[in-house]
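There are two complexes below, and they share subunit A, which is joined by subunit B in the first and by subunit C in the second.
Right, the complex of A and B next:
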């Protein structure tokens, strides 16, 4: 499955970059992620719970790695998740560029899904993937705006 | 394959069922015909702690009509709908869609309320309810409220129902004079989840102009959708073969958001949508001409 798209963050590129490299922010923003601890440089491990309709809180062990960094405009995020009902492996190539209203993120991702979820839920995978991507990006944008607002009031 | 352990309740009355759903909230699932929930539990995709079986609640199983509406209890089986003369007379679109709902064995168990509450975007009945402008009565221990179909389906398997709420009744407006309905879908094998589908309900005025053109679409977004563009382009006009085709193609461009999977690409689904919308509209308007 491929998930490609663009998203415009309402803030400057440096702030967006810093946001995306912060594991605490990622843990709060990636849908269903309950915790994310550093397991090495730019590598994190944690637990993720996903609920979609009849799928009630499927639990996954998740590993996130950030690679190929070119600050402040390009990196690759790899997400591996394994659980009792299936497993996924996703790679997202992320590019940031300044635009008039903030920072445009261009993402191009490939996600492989296996196990029961893939066998039974094949026809829903893209919808679920798209929904989770949207939730993550909107949540990141809220984080960014909160940060910028705090930064301004502090100075 | 066996489900994870769960507590099981089989109340006889609606009040008991609502009490149980209130008590257990998010942990509880209502069991209707079990044609989606039980497989999901057996795969352990769904692991509800509590099941509230509605099959003994007789008051939820009913088909009744008055002059302006058809009322369906949520536990009415697909098979009952399929064979009901009241349904055929009051809401022929439901009868037309019924043979496409899975297979006979599933229809003998599956219920209308179960299908609507499950909100599978590939299911037939949610799209039919949108086309018919049906409304749903949701009951909970603290009372009941009525939600139109257009505000009920919020996303993939997601509805406006709150924990503790139960879909108890479906109200469908009686078919108008000079109305017609048509249903069609494309699936790899009959009874499979459709790659795309369309349910049309149209009404013409005495002057031959289209008053209502409602088309519900399935498997073409993360929820059932109403083809708003069709209504915008056709209502108030005298539909021709050409204008129907244009409306179908326009709708397939703007009203839907199809996904790709191993069965069909997004692009192919969009093409199917244009064909199916045109087909159901042509069929419905044609039957009005010959009426």
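Right, the complex of A and C next:
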């Protein structure tokens, strides 16, 4: 499965970059993530719950690694998840660039899914993936705006 | 045979239906044994991976779990399953046998391959404990696509082999190259034909019970081959064959995959039952069935046909790849069926056929109803259709010109069939079958109306295709016929039954010979305690082979009956008649003895059994044909295609079939109806969709589409009877006939309905999406 797209954040590129490197923010913003802790430099481990079609609230152990970083414009995020109902392996290439209204993010990701979740959830997988991506990005944007608002009131 | 048949060839209703329809018939999952434990399997989520570790400690610790075994726990029992069907003695055949282990060790080769078995007090606990087992797999690049599998540098399913080629076979007759030089036309295409799951209503199930006191193992198994399972398990477990009893009770559909042996579950569960001294049950669930039960899958053909301008076939060349899955325990049965069935009912003097069987990281491939025959029929029938178009010859006419005439039998094709015997057609009369189908579908009339209907915006088309089906192969089956002192006749045979109607057809054969009522003949099958010699139900052979054994045993009992009656009545045998369960004296019907009386007299409590005779009215006989008998037929279909949505509406379906002497036309029609439903599924709906990682994407009946009652039209049938000279009753098989030519028939009909010369159907299944794309492409030119 491939998920590609663009999203515009309402804030400057450096703020978006900082947001995307913060595990506490990611844990709050990514749908289904129950915890995400740093396990090394640019490496995180955690637990995620996902529902796809007939597979409900499946629990996955997640490992996230950020690589190929070119601050503040480019990085690669690798996500490995294993659970009783299957496994997923995703790689997302993320590019940030300033635009008039803020920062545009381009993402290009490939996701491999195996096990039960692939076998019975396949028809729903792509739409679930898109929905989760949309929820995550909108949530991150809200977080960004809150940060910026706090930042302004603080100065 | 008496001149007038009373039960043979009669439309007798089925003896077994009362038990089935009232829910009294026992299936394996109905078996309950006190103290029985339940099994569930840990299976691989990856198509190809190295096994790093399997930690079963948490599962063992769960309350209610009795035992957990992975490969390392099986000790010396961890040996590969046997090669079930060695390749036929074809010159220069290359074959690499790679069979599976009871539980995977070192490496997994398909999604669903069993890694561990959990035994618990209930299935619920067992399934929960499956999730406690920690399996660490290190994924490898999988082999999924057939052609990519054969490319240089492709990852290898079996690393000890040089490539993913499991087998290479070449079979030729005549000289195709020379024939090609003489040809006026050569049609060449690439064909893809996919098959799917067997999707029997009853999934597989096994119960194994070790009786410590009697030192006897009983295995209830949804197998099509109880006797070979008994023999194999006895050998593996170091038991006498008499210590193992295998019962295949009523089985809810076999269709081929239930002849596979030995499945990993079949190997492990009896071993566990002996080890624990408690009965163990495992019933496959539907999702498991998509991974754990064998399937049939794709072939890729590069084929060409050389013809004269009159449409006479000079020769065929066909090179194909066959997906055998991760292991090849069933040998080469499917691709050899493809290779042989491609020749069909036609006179083809020159043939160059070669195939490569390819290992892939997908479940094991073994026959599913049709067993590769439909792949061959699709290739030859499509090539004929394309040639007819090119030459401007009518589709039915080009077939007429190429059929083998009735004077050409027995017809030796000079190549080897799947049963290791030369491919010889025993008998047939093809042209009248074709003409009858053409007449029933109203071919000429429809051709006349097509233009008018098209002007009205209706796209109606017709397809007419021919096929043969190699059936009734050896090695042998046996039967024991006994007249009990009550007068009831008991028949025991070993084949195993999965809904075909064996309780009726075997009874009909015996009733005919012994002159008793068919409901008074009780058939027992599928229990090794009742009959212990035989092979099983496959290749449309039950009626032809086991039926012939029943016939021979009944004739022998008939001889004993008449001999005894002759002695008791002091009348020569030729002065006696056997009818209505009684022997009577010709001309004085009041003088006679009933079969019950004779059975009592044949087994006296005093006196002596004379030297050279045996007690009782009982005989056992065997029948082993040198080679199979070849059934044939024609399917004619009429479809209407919606040019906007590409949905196909099946208007009519005609089958004219010749399976030699029919024991029971009602059951022959039932087999054909079921086969056609299978064929419709194959043609339009059923496809196992794997992604590039070898993950099956439609492992549920929500996504894997089977035809439902509304998708299967009424089927019109007619019969021709060309008896087989290879068995005494003249029987040929019919089990697979309904599904073999369906794909080819629909492809021709849909093409005809669309009527655009650029629109060609070269692959099966043809989903509405595929047809829509092909139509759009053809319209663009």
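Everything below uses one rule, namely that the second predicted complex is superposed on the first by the 152 of 155 C-alpha atoms of A that agree within 3 Å, B and C clash if a C-alpha of one lies under 4 Å from a C-alpha of the other, contacts with A are read in each partner's own complex, and residues count from 1 in each chain.
Keep this in mind: contacts are C-beta pairs under 8 Å (C-beta built on N, C-alpha and C of every residue); 3 or more make two chains touch, one makes a residue touch a chain.
All values reported here derive from a predicted model rather than from experimental measurement.
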Contacts for A:128 in the overlay, against subunit B (first) and subunit C (second): which applies, first, second, both or neither?
first
Check the residue A:6 against both partner chains and state whether it touches subunit B (first), subunit C (second), both, or neither.
neither
Identify which of subunit B and subunit C touches the larger number of residues of subunit A.
B
Identify the partner contact of A:87: answer first if only subunit B is touched, second if only subunit C is, both if each is, neither if none is.
second
With the two structures laid over each other on chain A, which partner does A:113 touch: subunit B (first), subunit C (second), both, or neither?
second
Check the residue A:55 against both partner chains and state whether it touches subunit B (first), subunit C (second), both, or neither.
first
If I apply the document's touch criterion, which positions on subunit A are contacted by subunit B in one structure and by subunit C in the other?
54, 84, 116, 120, 122-123
Going by the contact rule set out above, which residues of subunit C touch subunit A in the complex?
45-47, 111, 131, 287, 290, 691, 693, 695-700, 702-703
In their shared complex, subunit B is touched by residues of subunit A numbered 1, 52-58, 84-85, 116-117, 120-128, 130-131
In their complex, what parts of subunit B are in touch with subunit A?
36-37, 39-40, 43-48, 118-122, 155-158, 193, 222, 259-263
Tell me, which parts of subunit A touch subunit C in their complex?
54, 84, 86-87, 112-116, 118-120, 122-123
